[in-house]
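Let me begin by handing over the structure; questions about it come next.
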Amino acid sequence: MIRVGVIGASGYAGAELVRLLAGHPQVKLNALTCRQDAGQRFDQIYPAMTGWVDLVCEAYDARKLIRSVDLVFTALPHQLPMSLVPELLDQGLKVIDLSADFRFKDAAVYEAHYKPHSAAGLLPQAVYGLSEVYTEQIKSASLVGNPGCYPTSVLLPLVPLIKANLIDTRLLIADAKSGVSGAGRGASSTSHFCHVNESFKAYKVGSHRHTPEMEAVLSDVAGEPIALNFVPHLVPMTRGMQTTIYTQPRGGVTLRQIEECLQAFYAGRFFIRLRGATPPDALNVKGTNSCDIGYTLDARNNRLILMSAIDNLVKGAAGQAVQNMNIMLGMDESLGLQSCPFPI
Amino acid sequence: MIRVGVIGASGYAGAELVRLLAGHPQVKLNALTCRQDAGQRFDQIYPAMTGWVDLVCEAYDARKLIRSVDLVFTALPHQLPMSLVPELLDQGLKVIDLSADFRFKDAAVYEAHYKPHSAAGLLPQAVYGLSEVYTEQIKSASLVGNPGCYPTSVLLPLVPLIKANLIDTRLLIADAKSGVSGAGRGASSTSHFCHVNESFKAYKVGSHRHTPEMEAVLSDVAGEPIALNFVPHLVPMTRGMQTTIYTQPRGGVTLRQIEECLQAFYAGRFFIRLRGATPPDALNVKGTNSCDIGYTLDARNNRLILMSAIDNLVKGAAGQAVQNMNIMLGMDESLGLQSCPFPI
Amino acid sequence: MIRVGVIGASGYAGAELVRLLAGHPQVKLNALTCRQDAGQRFDQIYPAMTGWVDLVCEAYDARKLIRSVDLVFTALPHQLPMSLVPELLDQGLKVIDLSADFRFKDAAVYEAHYKPHSAAGLLPQAVYGLSEVYTEQIKSASLVGNPGCYPTSVLLPLVPLIKANLIDTRLLIADAKSGVSGAGRGASSTSHFCHVNESFKAYKVGSHRHTPEMEAVLSDVAGEPIALNFVPHLVPMTRGMQTTIYTQPRGGVTLRQIEECLQAFYAGRFFIRLRGATPPDALNVKGTNSCDIGYTLDARNNRLILMSAIDNLVKGAAGQAVQNMNIMLGMDESLGLQSCPFPI
Amino acid sequence: MIRVGVIGASGYAGAELVRLLAGHPQVKLNALTCRQDAGQRFDQIYPAMTGWVDLVCEAYDARKLIRSVDLVFTALPHQLPMSLVPELLDQGLKVIDLSADFRFKDAAVYEAHYKPHSAAGLLPQAVYGLSEVYTEQIKSASLVGNPGCYPTSVLLPLVPLIKANLIDTRLLIADAKSGVSGAGRGASSTSHFCHVNESFKAYKVGSHRHTPEMEAVLSDVAGEPIALNFVPHLVPMTRGMQTTIYTQPRGGVTLRQIEECLQAFYAGRFFIRLRGATPPDALNVKGTNSCDIGYTLDARNNRLILMSAIDNLVKGAAGQAVQNMNIMLGMDESLGLQSCPFPI
């Protein structure tokens, strides 16, 4: 059994980690920490958990943590993990960070879109935790920067095709739609039921901080700089993310080749479900770590339309983090992520 | 491993059974049958299941079924199970029926609210599957009539108090609210998104067929005829059921006694969570087999307000059915029902 | 044209007043005041209004207000109106207050459930603005205490029957369900989309401050003290309120008499729609000032089930306030409230 | 007063027409016809309308209709209007058809995507009812083919820019999202609450029949053939449509020029609200005939992102039809469409 802690357990991603880890057959969940709710039982914050999780959310105490766990998940706002992670790594813990702090190879890019980075020295050893793409690197990582939800939904369909040089990277448009839980647990006018319900709108058009994260990975894969157009939208649902991507195949590339490329790349990967021309539905991945991918060619002007669906809190956050833990520890990547999906 | 089949797997209760049984550690799910979708893979009807369930929905064939399973769940519309169950029992199968066909001891009551009963001879041996109440009888049952969702939500808070003679049974009012999945998978104006969304209304006021089912159990428990007022309402949500019950304690009975009675009755029962004065929330039991129960006394006129929350498809249908299977087979009642709940 | 102002225009009830007054053929909307958003254009707070309302939300300035309007609606949190209203009345303005400050005849009752009252001297002249019940008093009122949403939904079905002595007031149970807008515009965990969506729960069981308001009116009408059991619930929808009331007819009173009593009481009142045994649906009154009322007798134990549906922001707040203004000014009560309802 | 009839009043677009026409100051609504519900009162089909509309839905009878109305709206499934409209025009009625039957100039295009056209002779005189674009032609039209909801949302932002030759028409991608009412009143698994709620997916990717309709108009405006990529998605909300369009400005064209072009084109048009960089929200146009338009330039790769929001049943169907009637009759285009929007 691996001894695990969750730093920042009271946010949505943290709570989803708790849900998954509480049911993981090889995990002993030993420590939860929260900032605002320290001292409270976790099941008072999330009463759904009563009877399943009896831990108390404690204030962060590095020494105590180091004694009681082998691996930690940090589910904190950006900027906080960078101040905690160096000490934890020094003491031999493995760390999976769900913030943006360790997602970038280039500190300058991080700093251009977030704030100054106080632990940039760790970036070279941090591995970007897109589980199906960087599997080998994750196996030997001590520090994983877990991907954002939007990047996961955009990169999983695109990376294999760009790696195989099948699409023209000058046209890459990602129109993404997220459930409200992506905005976090904090109460704000953005998350007020009456402002979200019966509403649909774009936000942060062309300026969302997940854009440089996607571009860094795509550029890495392509071997040349890539500029993506990315527009996120807010959907009146709790969980789920659907993304429609518009691009074009390189000259002569057929839909069959596109499909075969995806099939080959994702062969044996349990969580990737290729759906052919059937549009993926966020409902079908709710509560699961699956990513459904669909693809259609609009032959009239040779545009390739890729679509993906994930649960933003699972494959887009906590689930992929657990998958990364499994990979880091040499276990089956689907361990603890095998609950049968809900039919509706 | 017990070999299990689901008759009527394509409806919501059937699909929820498939979800739970696919993850049950002691179950080998061997057969699914459907009427309308026979010949289709189950994961074509419910694409969420792709990768988890690879069975085909077959047409019903008693002989084939009898060879391949030890226990069946029948999740069919009322009137259909009564024509299938006698043969299955004769052949030594255990049967858990989710329709109303085997819920009543008295065929006349069934026939007054449903239609003529062609297998009334089985009613004496059928056990009403309210798991926490009829546990002993379920242990030795071959045929279980699984409770309706509304009766489950109403009976669990009331039965212990009536058994202990703590409340005045002349005043029993149950105001219940159900998510839309309770109306089933069939498309109708009732289930049309635009008629349910932003809507709230009562239906079948004073005439719902679950009323005689509740009254039969309550009368059995009380040892005298009980007439309940029951009004169901439809809530714009997929799953979940909340019921508020209004009654009055007998002279001198305190809220403390009410609570102690419930605590004693449900001691050691994993799925019953007593919440004190905190109102149970359908959100906190979503996807789980739990029943949350709350209780408050309005001292000004000595009215006891009981509240319960369940997931109508789980504790209100498929989950309780699996719990009953566990009990019938001498296993831990929570086996296969232990997935950690969702925080949101 | 009557010159009108809205004090507290940025909350939901205030904004709904703006919507209705902007379209009222006899109203000149001259002043909007807000506390937090002073200086902002109203259509920046509510962008839906762009092109319809071009007023700026100003800070409250009694002198300026008095010069520019003849009648004000105060849509402020409890305790604030009592400090403003005396001066406004002194200067000859008519006031319709949407808070609880002027709903009670007895200051002691107000103070028992709210806070000390600094303008209790005005209570004798304040008229409770339940439009169809206190029509005559409203006609000559200068100060109206506009009813709460729950009281409106409970009182409209009950008052005629209690006045006519047709029901036994010892059993009065109101199980009410409200859309989320009833909780106001402020962001809180209560109104967070992810906590409300797919959720259903009771709150403030037996302790909601609308209970004494209802009891005061019912007792006034009955001529004897009445204690009601009232439990509010929260529904995942933006607008709407449905209430189911359980009571019993006095000996020998028939459902026909109940219906005739309601028909006679509400004859000629445009906004009351008697629905017979058809359960009223919140969807059918959305955006309108109507109150739909249904009634059924559960003959087995002689229980009368009354149901009502209103839009909590219209008949439950702003719409009834406009209706009261119409009555105070001797105009048709439906003026400015005649927009045809939405089919869905 | 103009005497008006609605053919096909029981569908959602028909019912929305009834709502608008019932409140139109210059309209006498004289006839409603339905196929399935003939003989029923309209307010039995849509109980929200009780007290506002007392007409009975009659079976279609051309003679009777011709005697009683001057103008008809046909809100029927495709293929039905073409069999009725010729006779109505012959008898001097004006016709606004909400189906696709009279939207195409070229019968071959219609027939390629729908079915054979039996009244193709009328196509030359039919005017495409995009109110702000074909205003002059609508003024003198006897037959208007009212635009589809998706085309309205796509064309309003694009037409001025293409007319002014400001954008490169080789890149035109429209990612559109619609509320469920767009699928109509018929019950189907598509519209089942449990399949739509908490779901988000694309459908008819690259094959929706609104694509040729948009392309025909865009090509007409551009003076050259245009092929658009169009992907519609389904949003769990009742009403509303949001579309995000990706294109690129021609060399040297600035965002300022884009904005000025839109401002000039839509100067004085009440229903077009230019929002600058603020993303339009479907919530802000709910129940209104407005079209909100936003625009942002992603300067990194010179992509122009246009966004629009409409209510699919109003500006996307019935509202625009009424606007067209106003224009045809020489009235103010906003007559009967002036109800103040809801704040939430």
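Per-chain residue numbering starts at 1, and chain names A, B, C and D are given in the order in which the chains are listed.
By definition in this document, a contact is a pair of C-beta atoms (placed from the backbone, for glycine too) under 8 Å apart; a residue touches a chain by one contact, two chains touch by 3 or more.
Small disclaimer: the values here were computed from a predicted structure and weren't measured.
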- [ ] Averaging each chain's C-alpha atoms to get its centre, pick out the one most distant from subunit D.
- [x] B
TODO: Sort out for me whether A-B or B-C is joined by the greater number of C-beta contact pairs.
DONE: B-C
Open item on the list: Can you compute the centre-to-centre distance for subunit A and subunit B, using the mean CA position of each chain? Integer Å is fine.
Closed with: 37
TODO: Starting from the mean Cα coordinates of subunit B and subunit C, work out the distance between those two points in Å.
DONE: 39
- [ ] Pull out every residue in subunit D that's touching 2 or more other chains.
- [x] 12, 181, 194, 197-198, 236-239, 281, 283, 286, 344
Open item on the list: Applying the document's contact rule, which stretches of subunit D touch subunit A when the two form their complex?
Closed with: 170-171, 173, 175, 177, 179, 194-195, 197-203, 205-206, 227, 229, 231, 233, 235-240, 242, 244, 246, 277, 279-283, 286, 294, 296-298, 300-301, 303, 305, 307, 309, 344
TODO: Would you mind writing out the residues of subunit C in touch with subunit A in their complex?
DONE: 12, 180-181, 185, 187-189, 191-194, 196-198, 236-238
- [ ] Can you check the complex and tell me which residues of subunit B touch subunit A?
- [x] 12, 15-16, 18-20, 22-23, 46-53, 181, 198, 238-239, 270, 273, 275, 278, 281, 283-288, 290, 338-344
